[in-house]
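What follows is a set of structures for review.
Next come two complexes built around chain A: one with chain B, the other with chain C.
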Partner chain A sequence: MQKTTRRSRLSRQRLTAAWLFLSPMLIVLFVVAAWPLWRTVWFSFTDASLDLMSEARWVGFRNYLEYVDFGDGDGQYYGLLTDARWWRSVWNTVWFAVVSVSFETVFGLIIALVLNQQFFGRSLVRAAVLIPWAIPTIVSAKMWAWMMHDQFGILNDMFLRLGLISERIAWTASPDTAMVAVLIVDIWKTTPFMALLILAGLQMVPGDIYEAAHLDGIPATRIFRKITLPLIMPAVLVAVVFRALDALRIFDIVYVLTPNTDATRTMSVFARENLFDYDKFAYGSAASTLLFLTIALITVTFIMVTRMDLEGKRA
Partner chain B sequence: MKRSFLARIGFYVLVAVIIFQAIFPFYYAILTSLESGQALFEVNYLPAALDFSNYRAMLTEGVFDRQILNSVFVASVVVLFSLALAVTAAYALSRINFRLRGLLLLTILSVSMFPQIAVLSGLFEVIRAFGLFNSLWSLVFSYMIFTLPFTVWVLTTFMRNLPVEIEEAAIMDGASALTIVRRVFLPLMWPAMVTTGLLAFIHAWNEFLFALTFLSTDRQRTVPVAIALISGRSEFEIPWGNIMAASVIVTLPLVALVLVFQRKIVSGLTAGAVKG
Partner chain C sequence: MTRLPKILACAAATAFMATGAVAADLSIVHGSVGRDQEVLRSQLDKFEAETGNKVTIVSMPESTTDQFGQYKLWLAAQSSDIDVYRLDVIWAPQLAQHFVDLKPHVDDIIEDFVPAAIESQTVDGKLVALPMFLGAPALYYRTDLLEKYGEKVPATWQELTDTAKKIMEEERATGNSDMYGFVFQGAAYEGLTCDAQEWVHSSGGGRIVELDGSIGINNPKAAAALDLAASWVGGIAPEGVLNYKEEDARGVFQSGKAVFMRNWNYAYALAAGDDSAVKGKFGVAVLPAGEGGESTATLGGWHLGVSKYSEHQEEAIKLVRFLNNYENQKERAIVTSRPPTLNAVYTDAEVGEKQEFIPLWKPVVDNALPRPSAATLRKYNEVSAAFWTAAHDTLSGKAPAAKNLAKLEAELKRLRGSRW
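What follows is the complex of A and B.
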């Protein structure tokens, strides 16, 4: 009897402590995340402008879609959902995410497989691989912008010497290659992250499986396809989703490397331009809200599909 | 496993390609930063000069030195605040059973996946309301949105794996929760805190979108924005030598940190991403 009351008092104390410990963090998260997100969604239903935020009035779905009747049986739809530049930026974003994450997965897998081997100088190679990841995104963008300079860039010089191209390419300035330029920088910078996550998965594969397979004389490619790949698939998938969510919100590289071109404008760039450069604060908020919904949908699907283990019970 | 001679050659060629692509751009940035004048416009593969005038120009003319201090200040304070808030929160989330715990963890995970742009307009309003616009505190404040969920998440994962026995003894002795965190867990947490702190520092050091939006004068800017905005009088006069010198200055400490803490960083990254 006495024991139970003591225990329940103890657990009550611990419960109080838990909430006391959590509240500062929760308050900060509320002020920097929940409240601003709510305000962004609210602004997207108003006519707010950058200087007259407090006088924002509710306008319904006008920023998203609105039918304006011209009176003579004629009319036209307006709003984000009919904006060709918006849809172009949606397309750019999706295209960028799919292509960059695909390349990063393949390159990351190759690098992870190399790093998983025993060879002379392995730790040195692992250190070298991390360097692109350690370089700030803006610095990477600037470094590559210089390397891709149409006249003095070393990339053109290399490709000319190797005979891969016959004349200098204006990598970042030409609409045909601007997206390629952005992709190169992003793939270069984030492949190390992918490689590390896949390597972590590889190192959890028990070594005796390989020994057994080797003794049975199974060829290496078959071992890879039938044993390694299925075993590391969960790690690869998590890495892919993390990178995809990151890729969908890309801003920095595009903003610095190829400013102001329809060829590379992504959803984040589109939203920020409207918010702060074109004085269409409400319209930009609507774009932000749609981007948030897209990413939220993917996140929720991901958490549900993988039935993520939040309590750590299966660990 | 024995490999054939040819396969081994192929393997080392692959290793060489990997090393080359990883380090060449940074090597070339250093090379460029040491050139000035006409030499800048000739493509060199090996160092042709050792001219530190770009570095001198960046560090003595203008406000770049001040901007470096801004970045150091913001990133350090962000790390201190997030670690302080995260340690106690992680203790509650990993050690105490209560309803809503799963939901809270889910919320924290979702916040770490937020697109920054989704909170930009709302955050802009909050920062103006607090009178923080164009103050470094606006960044300290807004960076919490990505450093806090991350540090809480990783520290929770780490604490969960510590044995229960350590804590039970302390509870038997009647220690309060705060004492347990301070006396029992904190000493064990240092490795994890160094790793998460370092990753949060790097993230804050590199952040661009908020710094671009919430600061409006040169003197207040952090280094990524400063580097992005270095420009010449025209498109044809971009001072590439200066830009590369500035890039090397802000990157070298990071590369050094990453190489020194390599192993810890890798485990921190995987704990943050893989272990759900």
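What follows is the complex of A and C.
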């Protein structure tokens, strides 16, 4: 009995201390995350426009779904949920996220496995691999835009010289290749990030397991499948979630690299367009809110399906 | 900065202000194309020397669509960071409430300006911005190539298509494999709205939205014009034109890789420059017309407005007046080939001699077709986006023009609702 009270008093003290230390972070989090998020959700239920935000009036779900009666017995549904352009951008975003994250995971894994080996100049190569990740996205997007330019671009020039193509390709302009161009740039840029996270996971694997496996004469592919992969899986999954979150918010590469068309417009581009270019701040807020919900939904589903260990209980 | 010097600086500034002898720090924001920024800077240097004020240029991206988003953010936040904005000709109806009414401040000189320019910047009797320079596109053509193949400057879009095709193919056959027939602004942005409006209107297809707000864009003549334009892409125009803005098109033409180009006046001074591959080998003409239609040029231009949230309005107005005085307009006309907004500059002998383009363009500017920003008010940007989307979908071959225009009509009707 006495033991329990002592423990609870101690844990109470610890709990108080924990909250005390947490509170500055929570306040900051509220100011920079929760408050703007709440504002956005609120604006999505109003008729706000960018330069008249203070005059916003509550309009309910009209930005999401609304039936407009034309007065002549005819009518039609309007709103984000019936907007073909919105659904097209949702599809673009999800497709982009799935393809880019898949490629980045595989490439990242390969690079991480190579970098995990001992070889001369390894630290230099590790640093060099990070360069694409270190360049600001907007800069690398512009850089690639020039490299992919149909007339002056180095890519077309190289391919022409090598005889791979017979005519210059308008990489970023043509609807058929614009999304591919975005994928190329994103994979180039973000694979190092994946490699780094996976490499960190690889280095946690104790070396004596491998020694034992070698002594037993187990083939390398089997070691990889039965030892390496399961042990680094948690790291890979964390990396995938991080990347997927980022990929679903993709904006800058699309915006800089490609023309503003249905072929590449993502949810973020759609939201920005309505928020700032058009006089529809509320509609853009609704799009942002749905974007937030989509990301939240996908993340939660992913964490539940893969039974990711967020609490660190199994560690 | 520690506190004491800060306080001292504040006190000093206040003291200066009280005596009225303070030199203000002004900011001017604009998007730079061609040599705009260079010339602006040199004129600002003169202003600084004359008045003791300091002026900083805040530069923006080339795309007017991008600029507008940022401008709206600044204005919505009532930011005093920017004192003078360089505004696109189409923005006045949407931004009027954020700018100082310049009318009382320019009463003495307003008569000297091109009336159409003043009119385009007047909203409910308020002068939102003082016109800085106008824009009306030209057809740039290669005189040497037309001569070589015995062709004349095309008067219709069909003629342009045929001539461009012929010269392009012959040039390529002689080993000039990079040659294209025609370049223009085909990216999905405001520039395409200008280009496509010219194709449609010059073919008798009417305006995007008529002056009275009615929507007649879904008609066979408009569809035919857009379909013809779509046939250019991948043919006489490189496929990359689908992502070309002004400077991309100029890059191709100026490096000698295109027979024809549709571009604004600014490109003339650059293409005629010493580092240009086509120097002395090109001319300009009014844009071609459609069959049985009349040549149409979209009215462009950039104008200077003073932010209502500026803390130095008086100095900012002085700056606007200074940049638009005769001397500076004349310099811009000569150096950047931008059509001036003062009537008198067009007849200036020196301008005519050094930039023969300018006096010729007075009638084009006077008759240029405005975009429907006055009719559609705050919805203009969306109207324009819907229109350029229809045009871009046609150009990229996603669907024939008739289908895209039917979709556009429905979209415009939805946007309009009961009224614009």
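Methods note: the second predicted complex is superposed on the first by the 260 of 315 C-alpha atoms of A that agree within 3 Å, B and C clash if a C-alpha of one lies under 4 Å from a C-alpha of the other, contacts with A are read in each partner's own complex, and residues count from 1 in each chain.
Everything that follows uses one rule, which is that a contact is a pair of C-beta atoms (placed from the backbone, for glycine too) under 8 Å apart; a residue touches a chain by one contact, two chains touch by 3 or more.
Since the model is a prediction, treat every value here as computed from it, not as a measurement.
Enquirer: So, A:Phe152: does it touch chain B (first), chain C (second), both, or neither?
Expert: Both partners.
Enquirer: Who does A:Met53 touch here: chain B (first), chain C (second), both, or neither?
Expert: Both partners, chain B and chain C.
Enquirer: After lining up the shared chain so the two structures overlap, which partner does A:Ile138 touch, if you call chain B first and chain C second: first, second, both or neither?
Expert: A:Ile138 contacts chain B only, not chain C.
Enquirer: Considering only the touch criterion stated at the top, classify A:Ser268 as touching first (chain B), second (chain C), both, or neither.
Expert: Only chain B is touched by A:Ser268; chain C is not.
Enquirer: State whether chain B or chain C is in contact with more residues of chain A in the superposed arrangement.
Expert: After superposing on chain A, more of chain A is contacted by B.
Enquirer: Name the contact category of A:Asn63: first (chain B only), second (chain C only), both, or neither.
Expert: After superposing on A, A:Asn63 lies clear of both chain B and chain C.
Enquirer: Looking at A:Tyr78 after the superposition, I want to know if it touches chain B, chain C, both of them or none. Which is it: first, second, both, neither?
Expert: Once the two structures are laid over each other on A, A:Tyr78 reaches chain C alone.
Enquirer: Please work out whether A:Ser100 is in contact with chain B alone, chain C alone, both, or neither, and reply first, second, both or neither.
Expert: neither
Enquirer: So in the superposed three-chain picture, is A:Leu245 touching just chain B, just chain C, both, or none of them (first/second/both/neither)?
Expert: first
Enquirer: Once the structures are superposed on A, label A:Phe276 by its partner contacts, choosing first (chain B), second (chain C), both or neither.
Expert: A:Phe276 contacts both chain B and chain C.
Enquirer: Once the two structures are fitted together, what part of chain A is touched by chain B and by chain C alike?
Expert: Residues common to the chain A contacts of chain C and of chain B are 53, 149, 151-152, 272, 276, listed in rising order.
Enquirer: Would you mind writing out the residues of chain A in touch with chain C in their complex?
Expert: 49-51, 53, 78, 149-152, 168-170, 172-175, 258-262, 272-273, 276-280
Enquirer: Using the touch rule from the top, collect the residues of chain B that touch chain A in their complex.
Expert: Interface residues on chain B, with respect to chain A: 1, 11-12, 14-15, 18-19, 21-23, 25-26, 28-29, 32, 40-43, 45, 85-86, 88-89, 91-94, 96, 98, 101-102, 104-111, 113-126, 128, 141-142, 144-145, 148-149, 152, 157, 160-161, 171, 176-178, 181, 202, 205-206, 208-209, 212-213, 223-225, 227-228, 240, 243-244, 247, 250-251, 254-255, 257-259, 262, 265-266, 269-270, 273-276.
Enquirer: Flag every residue of chain A that touches chain B in the complex, lowest number first.
Expert: These residues of chain A touch chain B: 10, 13-15, 17-19, 21-22, 24-26, 28-29, 31-33, 35-40, 43, 53, 110-111, 114, 117, 119, 121, 125-144, 146-147, 149, 151-154, 157, 188, 192-193, 196-197, 199-201, 214, 235, 238-239, 242, 245, 248-249, 251-252, 255-256, 267-268, 271-272, 275-276, 281, 284-285, 288-289, 291-292, 295-296, 299, 303, 306, 308-312, 315.
Enquirer: Any idea which chain C residues touch chain A in the complex?
Expert: Contact set of chain C toward chain A: 65, 68-70, 72-73, 75-76, 94, 97-98, 178, 186-189, 238-244, 248, 251-252, 257, 378-379, 381-382, 385, 389, 392-393, 396, 398, 414.
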